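In what follows, chain A forms one complex with chain B and a second complex with chain C.
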Partner chain A sequence: MRDIATSQTILVVGGGVSGMTAALEAAECGKQVLLVEKSPTLGGRTALLYRYFPKLCHPTCGLEINLRRLKGNRNVRVMTMAEVVRVEGRRGDYSVTLRVAPRFVNENCTACGACAEAVGAEIPNPWNYNLNRMKAAYLPHAMAYPQRYVLDASIAGTPDAEKARTACKYGAIDLEMKEQTLTVSAGAVVWATGWKPYDAAKIQPYGYGRYANVITSVEFERLADPHGPTGGRIVRPSDGKEAKNIAFIQCAGSRDENHLRHCSRICCMASLKHTQFVREAYGEAARSTIYYIDIRAIDRFEDFYRKVRADRTVKFVKSKPARIAEDRASGDVVLHGVDTEGYHRYAAQHDLAVLAIGMETAVPLPQDAEVFPAGCAADALDVNRSVQSSTAAALRAIQVVNRAARAES
Partner chain B sequence: MKTAAYLCGGCGIAEQLDTARLAAIAEREGKVDLVREHPFLCSAEGVQAIREGIDKDGATHVMLAACSRRAKTEAFYFPDVAVARANLREGVVWIQEKGEAAQEMADDYVRMACAELKRMQVPKAGPDTGKSKRVLVVGGGISGLTAALEAAEAGYEALIVEKEAALGGWAARLHRRIPERAPFKDPAETGVPALVDAVTRNSRIKLQLGTTVAQTAGAPGRFRVTLSNGRTEEVGAIVQASGFSLYDAARLAEFSYGKSPDIVDQAGLEALAKKSIPIRRPSDNKEVKQVVFVQCAGQRDDSGKHLPYCSGHCCATSMKQAMYFKDANPAVDTVVIYTDLRVPGNGEDFYRSAQAKGVTFTKGKVSAVEADGAVKFRDLILDEDTQIKADLVVLATGQVPNSGVNIDNPDEPDANGAKPISILNLEYRQGSDLPRLAHGFSDSHFICFPYETRRTGIYTAGPVRRPMDIAQAVEDATGAALKAIQATENAALGRAAHPRSGDLSFPLVRLDGCTQCKRCTVECPFGAIDEDEKRYPVFNESRCRRCSTCMGACPVRVISFENYSVDSVGAQIKAVGIPDETEEKPRILILACENDAYPALDMAGLQRVKYSAAVRVIPVRCLGSVNQVWVTDALNAGYDGIMLLGCKHGDDYQCHFVRGSALAAERMSKIDDTLKQLALENERVITCEAAITDIARLPRLIDEYAQTIERIGLSPLKGFA
Partner chain C sequence: MSAYQGDFLKEVEARVEEGEWVKMCMQCGVCAGSCPFGPHWEHSPQKIFMMIRAGKREEVLTSDAMWMCTSCYNCVVRCPRKLPITQIMHGLATYAHRLGLAPKMQPTRRFSVTFWSNLTRTGRVNELKLVLQVYFRNGFAAGLKEFWNMRRVGLRLLAAKRMNPFELVFPHRCKDAKGIQRMLAKACEIENRKRGFSQ
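Our next item is the complex of A and B:
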């Protein structure tokens, strides 16, 4: 496998919007790129968003463009289910160890779906933040690339795996697949491993995990999505009741010495956007309340903030709620705190509380080798700025391989 | 031309369809030279069979009747031949029950693909693409210096044109900058001298100081730039880093700027800090003891008089400036009056540091600053009107982009009331500068594609694009440098830039048929087409993004692409077998945007969502490429209805070619006249906005439309064709 990459290859780690951008921008400059992604599909977290702020357009629209760029460009080689174990070496000469998990499905797969029909076992669906379950033979989502099913490792060796194999007419199920470890060369490494939501259960006073009707902003995004676990119905987890009166709590885990020191940048805008999902669903009956310290709608995002402020269904309370309680009888959440504009104490009842959850680096940068961080691996960034960051990272990588090429010639 | 057709039987195709009948259609009606069936075409053996058809049998044109053109692209990769794909899987067997209706659908898709195939050619790169790989950087501030240096570090030559006599821009006038590295506690050195030094010593970078751009002509790979000093330079791409001007604080009468030397803007404070630390106030040269920072001065303004946006950096800048005082003398009272403190990311640590140093932050809204330094404001926490007396007041005014002339309104002054001066002086049919997005900034409208300006090969970077601080400007300029380099590489190979990256086709025009109507030159969303002295269009293919909006606009149909033309789509429309009026089988033509509507339909197939068998779908590059003749031809041929599915247009447009779907909507608003002339109902042609997520909605829309057609009855034009 060493021959798939040389010192002229740019290795991009992570296949979300940042990694895809870095890979494609470099490839469209004529460079050879190896793009490795840990999960079975490209697209990353943006593929799990219903809409982007401030345009309320659909993330998969840009994903489709990027996938088309990828399909037409032979300079990029994609490896999914591949995780970087070790990066060694220095600029111009890296040796990278990859661990490739078995997919149990080979390139014969046509995505016909017969295996999923045959398999009985179900597993939590990570593409819906585990809010529902899916078959253990699955296509992650409708935009998944490669468009190839996955057999979850949990059914390996069970009768279900055999059922899947028998159901496939194309010889695509390969139960002999094993985890592989391989080493590749690279001239430059772009680290675009993205972010993960801060563990909301650690914010003890907010009761995430204890109260069913306290959820995170990323989960709310799935609820609003017509292709999500509720078919786009904004309902609360405890009883399926329509959630019309919703509290959006800013800085859940962010700007907090006990949790994340930094401001996660996207959460204010995400909650402003979420109020519009509620409005879209329930019209004038919608009641959104944003509990905030500062609304950070910088540059022209201010236009969107102004629009939301003008929406009568949205209320702003300058306060970091002290704690959340549950009203047992109704299942409602009760927020306790002080409105600092005038110092009023409140105990506010809502159908649902959505924690605008902070952004945490998903994977630390390698210890022993210098890489170019891109997107949320570099900083807490929104999509636009992640693309900016990863385009810049692509150039930094090109500089290294071009220098190496000049030195060789 | 030698044609070959390969019909796949996999994924239910052979179970649900009579593939022998499809093969017969390809052979007899499609007149394909070589027809082969395969049970599993995307398998190694299937692909091998196709490869042999090309290599041994000499097929130059290959039709694949299998899955969608979006599926199995790795297996079906034959760049050396023209390929047309009939979508029998997502388009037929996955959305239909077995039966004659499905079979007729498949029959038609095979006919259509055969028809398209013969009108396609493998695109060959344009003949007249420039080879210059040099990057022109307009502006020698941090953004411009960074863009030039980063391009040079990658091995490319750069030329910086700076209107001032010295490099460095705004940043050179700063005492210190906001820190960009851990621990984010103290103001940092600006780094400007080192950057200027690196640029000056780099042999790949040439400088033209005290110079502006007098004229820019040409296209990526071959821009000819004339400078104000008379020199002419050839460059391949341009980074416009023309920066910003500070919003004029004198426009804020209530803040008394100009009435007292002790009321300054943030730039004024930097000048004071450069002069002396501790900072002394201008009026009497005494050390400042009480300073107040007024945030959002003339920004985030709802009145319509000042800047409506937030400039992003000013909160952190005021913190930094408060530290100038506190670091020198902790006894100085520093108060920042703000409504929302905006220091995202690690700016939070800088905020903490300011608090630790004793800077006071007061949530309030300033209503007036008196000439004697009294700052009157509403304290939003205590909910009362109050005031502080300061011996120095700093107004945090915003960034006004230096974006040149508003090409839609060339005499419009900028936010400071200044007469616009063109930055690039483009010799383009559509105006001298880059199109703007909002508030005078030349940003892209695309969240996923921030660099996509509407002038190929010209990228903006830094605060001219959107308000930003130095750290972001450095990232932005580095990214813009990549895009500039990429534009030169694309131009040299005759390849399209984003979003049809790599497309080698380019507009071919039959000038002898052109009536000089100028629609193409006016409507091209990317300003790619100029006019010659006889007012004929001049296509600059390396500026072209291949959206084919010009093709859609052309009333005499003289514009085409090698693999996409009025004829290649028209022939598909005509290839469909239209049942006669006695058969009671409606036919609905769908022209669907290939980026959003078509994928949505594909995914509907993937999820086995059923919809009407009356439709025949043709993907188009953009709804803007839809030529009216397709619509009239389809109506005349006896189609009962036509649906155009394109992206959202208007303020939050989603069209990747910016204007395509808006232009289509405009053109189609005039279709009623055509329908009237043909004595047809208005419902015969409809335009719908569709998003890529409309996986469930589009099938519903289609079925509703099919019902509408059933209600108004079959087209009276059937049988006259």
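Our next item is the complex of A and C:
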């Protein structure tokens, strides 16, 4: 399969907004691009946001534009369910190993969903950060690209798989598919493998994993989303009660020598945005409190911060809470700490605590080969800055393949 | 001292153990909220660090706050900046004491002074003497009363051979008490030189 890519090809690893951008920028300059994504769909974590700051638009807009560009460009070849496991070589001459997982569904799929109806088994739904379960034959989410179902490997060889196969009118279910390992060549590699939320359970005093009503900001995005586990109702996990009085705790895992040293940059803006989700849901009855060390709403985001500051449903407490306890009777969370503005001690009760979780790189950069990091694989960035970073990475990659082309001719 | 005129932070950095860490505090409040003694302090560590930066020399050094630290290390394990808070508290207490600014009657300070002189004499802590010194610190009558209150514990310690009355007259010594004293004197000398104390 070496022929799908040559030393003229730019390999982009990761199909989030960063990878898509890098791939498109290079392809629109006439370069051959192979875009490789580990999961069954492009879009990455941006697709799992309810709305994005600063304009509070739905991620659909941004992703849809990119998907349209992608469909209209013959220079990009997309592979999903393909994980890059190894990169070797040097500028102009890389050899990359891919592990391609079986989807068990071929191009005939029309995304009608008959297979999902036929299948009985359910698995945790990673597209909702495992907050609910989904059928073991699924489409990741409404924006999924390609719009093609996946049969989860856990039902391969079970009667459920057979049921799915017979239910499909288009002959799209192919149970013979196997995992494959491929090696491809590339002239330059853009590394856009993105980020992952820091493991909240490691922040012991905050009780994530011990108290049902302590959740992370990425989970909160899913709660607010109509496609999420609660159909967009902001309710708390313990008892389904409406969560109107919510504590947002900043720097959960970031700026902390015991966890991540860096400022994740996004989480202040994410929490500011989240207060507006609460307001949207509950109007004047909403009660959001942001517990912070200092608010980092950089450059033009300052306007958004001002706007939220002026919102009467939002309160700001300058303090990093020392710990969270649970009120057994009500299931409420109780935050303990001291307020830096006046050094008042507080024990504040809330319906729900949302940890503004830190971001860390999802996959370390390859050790033995030079690649161009893009987006959140390079640093904790918002979508806008990820796109800028990816365009820069694409430009560097283009220079490398141009040089390789000149050397060959 | 005049070298630090108006800059208490610089003074702390130069003369207090681990004092150079104070400027690393970002005022998040985690230590203040984590201290089990929190509500009983005059000033929390967080506040003390801010007061140092604000140049509140008198208020910090005469405060009883740092004497309240029980060395539980709760703040140290949680501080996002990994400040050695407990050590700084003890450093500040020692410094205030050396300058003669520490509150005279603060119980922890008094106990520390008693403990130190007891220990350095023979190179071993004489527990019996220490207990008596502590009991009688507020006068003879108060001492007798405390003694009487604790008589059962005392008798049991005697029965279990955990306390020996002869220790009062023939105290246990370490093999080379003089050697220990010389070591401590040397350590003090180095410390004084480093921190700029003239003995």
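As a convention for this text, the second predicted complex is superposed on the first by the 409 of 409 C-alpha atoms of A that agree within 3 Å, B and C clash if a C-alpha of one lies under 4 Å from a C-alpha of the other, contacts with A are read in each partner's own complex, and residues count from 1 in each chain.
Throughout what follows, contacts are C-beta pairs under 8 Å (C-beta built on N, C-alpha and C of every residue); 3 or more make two chains touch, one makes a residue touch a chain.
Owing to the predicted nature of the structure, the values given are computational and were not obtained by experimental measurement.
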Practice item. Please work out whether A:365 is in contact with chain B alone, chain C alone, both, or neither, and reply first, second, both or neither. Key: neither
Practice item. Check the residue A:212 against both partner chains and state whether it touches chain B (first), chain C (second), both, or neither. Key: neither
Check your understanding: Which chain, chain B or chain C, is in touch with more residues of chain A?
Key -> B
Exercise for review: In the overlay, answer first, second, both or neither for which of chain B and chain C A:255 touches.
Suggested key: both
Review point. Regarding the shared-chain residue A:303, is it in contact with chain B (first), chain C (second), both, or neither?
Key: first
Check your understanding: In the superposed arrangement, which partner chain does A:338 touch: chain B (first), chain C (second), both, or neither?
Key -> second
Check your understanding: Is A:323 touching the first partner chain B, the second partner chain C, both, or neither of them?
Key -> second
Review point. Between chain B and chain C, which residues of chain A are contacted by each of them?
Key: 255, 318, 340, 343
Check your understanding: Which part of chain B faces chain A closely enough to touch in the complex?
Key -> 10-12, 40, 42-43, 67, 70-75, 77, 150, 153-155, 300, 302, 308-312, 340-349, 352, 363, 380-381, 383, 438-439, 441, 443, 445-451, 466-468, 472, 475-476, 478-479, 481-483, 485-486, 489-490, 498-499, 501-502, 595-596, 599, 603, 606-607, 647-648, 652, 654, 656, 691-693, 695-696
Review point. What residues of chain A sit close enough to touch chain B in their complex?
Key: 17, 24-25, 28-30, 52, 55-66, 68-69, 71-74, 107-108, 110-112, 139, 142-143, 146-147, 169-170, 225-227, 254-255, 261-265, 294-303, 306, 318, 340-343, 379-381, 383-385, 387-389, 391-392, 394-396, 398-399, 402-403, 406
Review point. What residues on chain C touch chain A, complex-wise?
Key: 26-34, 38-39, 43-44, 46-47, 77-82
Review point. In their complex, what parts of chain A are in touch with chain C?
Key: 205, 251, 255-259, 293, 318-323, 336-340, 343, 345
